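Each of the two complexes below includes subunit A, the first together with subunit B, the second together with subunit C.
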Partner chain A sequence: MNKLLEDKKAAVIFLAPAFLLFTLILFVPIIQVIYYSFCNYTGLTKPDFVGLKNYIYMFTSDETMKTALKNSIFFMVFSGITQQVIGLFLAVILTNLKWGRNLFKNIYYLPCVLSSAALGLLWAFLLNPKIGLNQLLGMIGVQGPNWLFATKGLIPLPMWVIGFVALWQYVGQTMMLYMAQISGISRDIYEASYIDGASKSRAFIHITLPLIRPMLVTTLSLNCIGSLKFFDLIYNMTQGGPNHTTEVLASHLYTQGFKFFKYGYASSISIVLLILCMVMTVVISKCIKVETYEA
Partner chain B sequence: MKTNELVKKKKQITIVDVIIYLGLVILALIYLLPLLWMLSVSFKTNREVLTNPFSIPQVLQLGNYIFSWVNGKLGLATLNSMIVCTAALFISLLIGSMAAFAIARMRLKIMRYLMQYFLIGMMVPVHCVLIPLFVRFSSWNLTNQLIGLIIPYITFSLPITVFLMVGFFKSMPNELLEAACIDGCSIYGCFIRICLPLARVGMFVAGLMTFIGNWNELLLAMVFISDNLKKTLPVTLTFFVGPYATNYVQMFAAIIIAIAPTVVVYSIFSNQIVDGLTTGAVKG
Partner chain C sequence: MMKRFISGFLAAGLVIGSLSGCGVSTNTGATQGAGGTTESSAATVKATGTEEQITWMFWDNLDATEDLITKGYKQVIDRFNEQYKGKYYCNVVTSNLEDYYTKLNALVAAGNTPDVFICDPGPNLTQYVDVGVAADLTDILKNKESEWYKTFNDGIFERITYDGKIMAVPTNFAAACVFYNTEIFKKAGVEVPKDYNDLIEACKKIKEAGYTPISCSAGTSWCLSMIAGYLCDREGGPDNLIAVNEGKLDWTNKSFIDAGTKLKELSQYFQDSAAGDSNDQATANFYNGEAAMLVQGSWAIAQINGNNPEFESKCGIFQFPGIEGGANPNRMIVKTDNLVMSSSTKHQEASLALLKMFTDDTAQRYTAEVAGKIPVTAVKIDFDKAPKQFAYISDMMKTVTGTLGFYNESLASVEAGDFFDNAMVDIYLGNATPEEAFQKVQDFYTKNVWKK
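Right, the complex of A and B next:
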């Protein structure tokens, strides 16, 4: 038995395809992208090493990059907070529901499986200045704002709107993962606390919250990385406009790389994105201590 | 005494319950109404949308669907999406489960690090490797080919597949494998005849998750494919943003066609998806 499970040759056969593909398609390109980010590279010529020039340009002269970085970080913080709060709230409510739990769960999770490209088009239409929601507001005599084309403020209105659409689409995932963790908590612990005179809210604070910590790490990482990756909704709702005010890192990268063919510069944007993702993952897993409780 | 009171409390419908259900129903409407409204718009004429957007369509304009199916080349796009996603699904499930089996079951020290290696893939956004991949694939003539999409889709499906399958393989009792070994089964036999059939639920969930993810993927498909005959569904939809921007009804018909398969699959399997995914996630 043990010999069989320590068979190195079999292990290699099992692992080789996945490992090779993963290394070739994911890790070698990461090394390449690091190299490209220090190059002047347009796709037509060979990469030409220019040192930190791309990064210096990015942080000194590229105004769109500033907007993109600001919007991406806003987006991450916004979806991190709202998804956690609303997702957990819904999960607690739904877990304690006596009737219709699966029905509501399935409805709230539905947009997660739909294409954000399609949903982006739908919302862009609903929030059109003349048709859709504004028409509905007009019927009750309210002049609706220009949802997707306003440019004023540190965080312009369209970013908030896209943030809410993203929340609408993805909060189901956070909710569902929390529900799984909460229903895994033994009923006995709650019964015991009730017998000791704990109220429902105290039980929530002292039992539920500590016991769902492992899921907090997972969902928060998913929220943060997911919102940094964010591209589809932006592309189909505003295309980064008006005047680049709704650009995020991913859309800026796409425009620079595949509209202007500045591969070198787009690579340095990729590196910023990659570093942000890595830092967030490390920060989240280090800051939230997961204690294991003996069952 | 106290528990009795609690039981009694549970059976009454309180005002809090009413408020909770009211809130949940309103939220459910916020989820369903935009989708239903989109369905109704897709059956209207353009003029009807502008004058009377929230009414029920007077005549069902099936022409919208025919127009977007023919002019938007949606049939071809659906076929392309099908080919790409099915191929990526089967290959990633096969090699992902093989790797997961070795990681979960084989007693070699290196396995822990390999698991970490695969999990890093979950943190890396596709965007980061877009440029080198595109450069390499175009030098190999793989852009504008469906196979050029299938390869990265397999790769980016691997982390979640490995993660879920390791959870399922680890939860299997040791005795099963031991018994098979005593009967003279090889390690490959153990994998194919025992572990794979027992991890059906896991494969089903991992498969559905990766399939849906790839079905909706936009960025890679947009960058890698510029040939109209090879475009996948999400890319074809962005086509309706440009030249057809005023033709709302046809755009919505196209969207309905594009999301209908996922909605159907989801409504059939929703409970399994949700439960299976969560068992995998909690176990891992």
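Right, the complex of A and C next:
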């Protein structure tokens, strides 16, 4: 193996496909987008370099950007907390189940493998004031709220609703990752702790939690990045409306690029999104200390 | 051996399945195309592959619709493929209305502009004209095909002409008006309102009689914006619209604020679910007899009669009423559906043949007699065959002294129109007072349009 690695020609040949793919599919487009973000670019004419104009407009004049940023951060915090807590809770419960573990695992994971577009439309129908949940509430004399079209409050009701739908859809993924990690913890450690008089809850706090920390970093990073670039449920349930109140960064980017032909400006939003994702990854990996134990 | 045979069989099945998935259906009328659009083709004639093929993009599914205009368009495509069998063939790319421009823009940006595509007048068309996507049809219409040009009604090209250049061909003409349910009006003891105050009084009586006075969609913001546009026009007249676009009048002008106040007042009489209802749902509320009035373009005739043919006999129409002390109310919001030919098409002759077929006597007669929209040519109409609503609108158009485009489509850009629409939704939802909402439009114009 070492001999093979010493052969520079072989190393180049082996690295070339991955390097080419990475460059063509990821690196070149990112550089292009960075350049477009400094341009007035309609996608149909040549990009016109305008310096920081797009970024200045974004942070000083674009009211929708402020709403989108607020909603994206809300979504990240909401998803981060709820998916971690509920995902871990489900993982612990299912790991300790003797009967029906696989059945419930599949039930919780099922929404994750379904199309977001289909689920978005399904929930939009369920929450439609004419045909959905409100009709059922109406039968018992309760007038349901405008689930997807209320606009009051710092975080309007539709954002909470979409947050809940996203939680329902993706909590299975977090659960599965935690289950994999918990399953890897040796039973001997638990048994030793029980002999020493530890209760199940103390064993969870002092054994399970420290040992699943590496997975906490992974799942939290996935949750946060996934939430920041979240698009499909928003697009299928509210299209960012009414009046942009449920706009998130990705949907705002989409509107600016594909509805108004402002590809330059949309590129600058995507760069902000990229930076946010990178910052969150660094913050999570720096804040959560991971120690490796021999489990 | 058996295992190998099964594996081979399954692999072959997968390969065949994958390959067949890549094909384009020519007789079922629906295959999934790029970008989530649906590619459909005429059911009667199949492409042989030897013809010159063109693509036409449209904002409704030709095979899954009750809309009579769409059905008429399907007939045109069928006729085209039949008449030019072996010579030309038209493939159809369809999308739902809400995503139409997004998908069209993506195709344009990718260099795959359809040979012919439908387009609204105003900023939507302007953006394709500005970047050179739309072909200049002036020479073709005025010189090469002058006989065809002569068939069109006077002034029909006005809103699709840029610096003297005709950039599209209209296929039909619609006017926005108030549809009303004559039965509900009778039960509530209401007459057709003569002015805005009458309209409010009528709404009160209809509400007392237990019906929803007006069905409107704020979920599809342009529907609400159409009422707002009428109120702005009735308050300030045509000069206001011209002046704000030229930067000579502020959006915070009293006439706009008053229009916003009236929009808020009128919106008390919308159905409870107006904030979330789509355009189709709001229209359905009306033709299902739940609401007394619907402010819509005359394209709704095709939708109403197509979905509930029995409703035709009790559907009346009146012009959006004027406001006491306001501008001349004898103006109607009108718009044409337009076909744009791509400037980069390599099939100009075939594309022109298609454009002609959309505006020939058969298609135009169908437009009026079946779908109830106004033809763009001087074709002879049998009014007995046409929907009753068509005759009402035709009579109304005879007395109209002026027209205007949709308010949001008459503004400086697609984004400006979107901003106006959203400001009106803000007023309706109570998120902003009329003053605050129009101040937002003013700020947008100051920064982005007037660039003061």
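Please note the rule applied: the second predicted complex is superposed on the first by the 279 of 295 C-alpha atoms of A that agree within 3 Å, B and C clash if a C-alpha of one lies under 4 Å from a C-alpha of the other, contacts with A are read in each partner's own complex, and residues count from 1 in each chain.
What we mean here is this: a residue touches a chain if its C-beta (ideal position, glycine included) is under 8 Å from a C-beta of that chain, and two chains touch if they have at least 3 such contacts.
Note that the structure is predicted; figures quoted are calculated from it, not measured.
In the superposed pair of complexes, A:Gly141 makes contact with neither subunit B nor subunit C.
With both complexes superposed, B is the one of subunit B and subunit C in contact with more subunit A residues.
In the superposition on chain A, A:Thr281 makes contact with subunit B only, while subunit C stays out of contact range.
After overlaying the two complexes on the shared chain, residue contacts for A:Leu21 are found with subunit B alone; subunit C is out of touch. Judged by the touch definition given at the top, the superposed model places A:Gly43 against both subunit B and subunit C. Contact with both subunit B and subunit C is seen for A:Phe258 once the two complexes are overlaid on the shared chain.
Touch criterion met: A:Ile30 reaches subunit B, while subunit C stays clear of it. With the contact threshold set out at the top, residues 43, 254, 258, 263 of subunit A are in contact with subunit B in one structure and with subunit C in the other.
Across the complex, subunit A meets subunit C through its residues 42-45, 61, 63, 128-130, 146, 148-152, 239, 241-244, 254, 258-263. Of all residues in subunit C, those touching subunit A in their complex are 98, 101-102, 105-106, 108-109, 127, 131-133, 218-219, 221, 272-273, 275-277, 281, 413-415, 418, 422-423, 425-426, 429, 431, 440, 447. The residues of subunit B lying in touch with subunit A in their complex are 2-3, 6, 10, 20-21, 24, 27-28, 30-32, 34-35, 37-38, 49-50, 53-54, 95-96, 98-99, 101-103, 105-108, 114, 117-118, 121-136, 151-152, 154-156, 158, 162, 177-178, 181-182, 186-188, 190-191, 212, 215-216, 218-219, 223, 233-234, 237-238, 240-241, 248, 251-252, 255, 258-259, 262-263, 266-267, 270-271, 273-274, 277-279, 281-282.
Per the touch definition, subunit A reaches subunit B in the complex via residues 1-2, 4-8, 10-11, 14-15, 17-19, 21-22, 25-26, 28-30, 32-33, 36, 43, 90, 93-94, 97-98, 100, 102, 104-111, 113-118, 121-123, 125-126, 131-132, 135-136, 168, 176-177, 179-181, 184, 191, 194-195, 215, 218, 221, 225, 228-229, 231-232, 235-236, 249-250, 253-254, 257-258, 263, 266-267, 270-271, 273-274, 277-278, 281.
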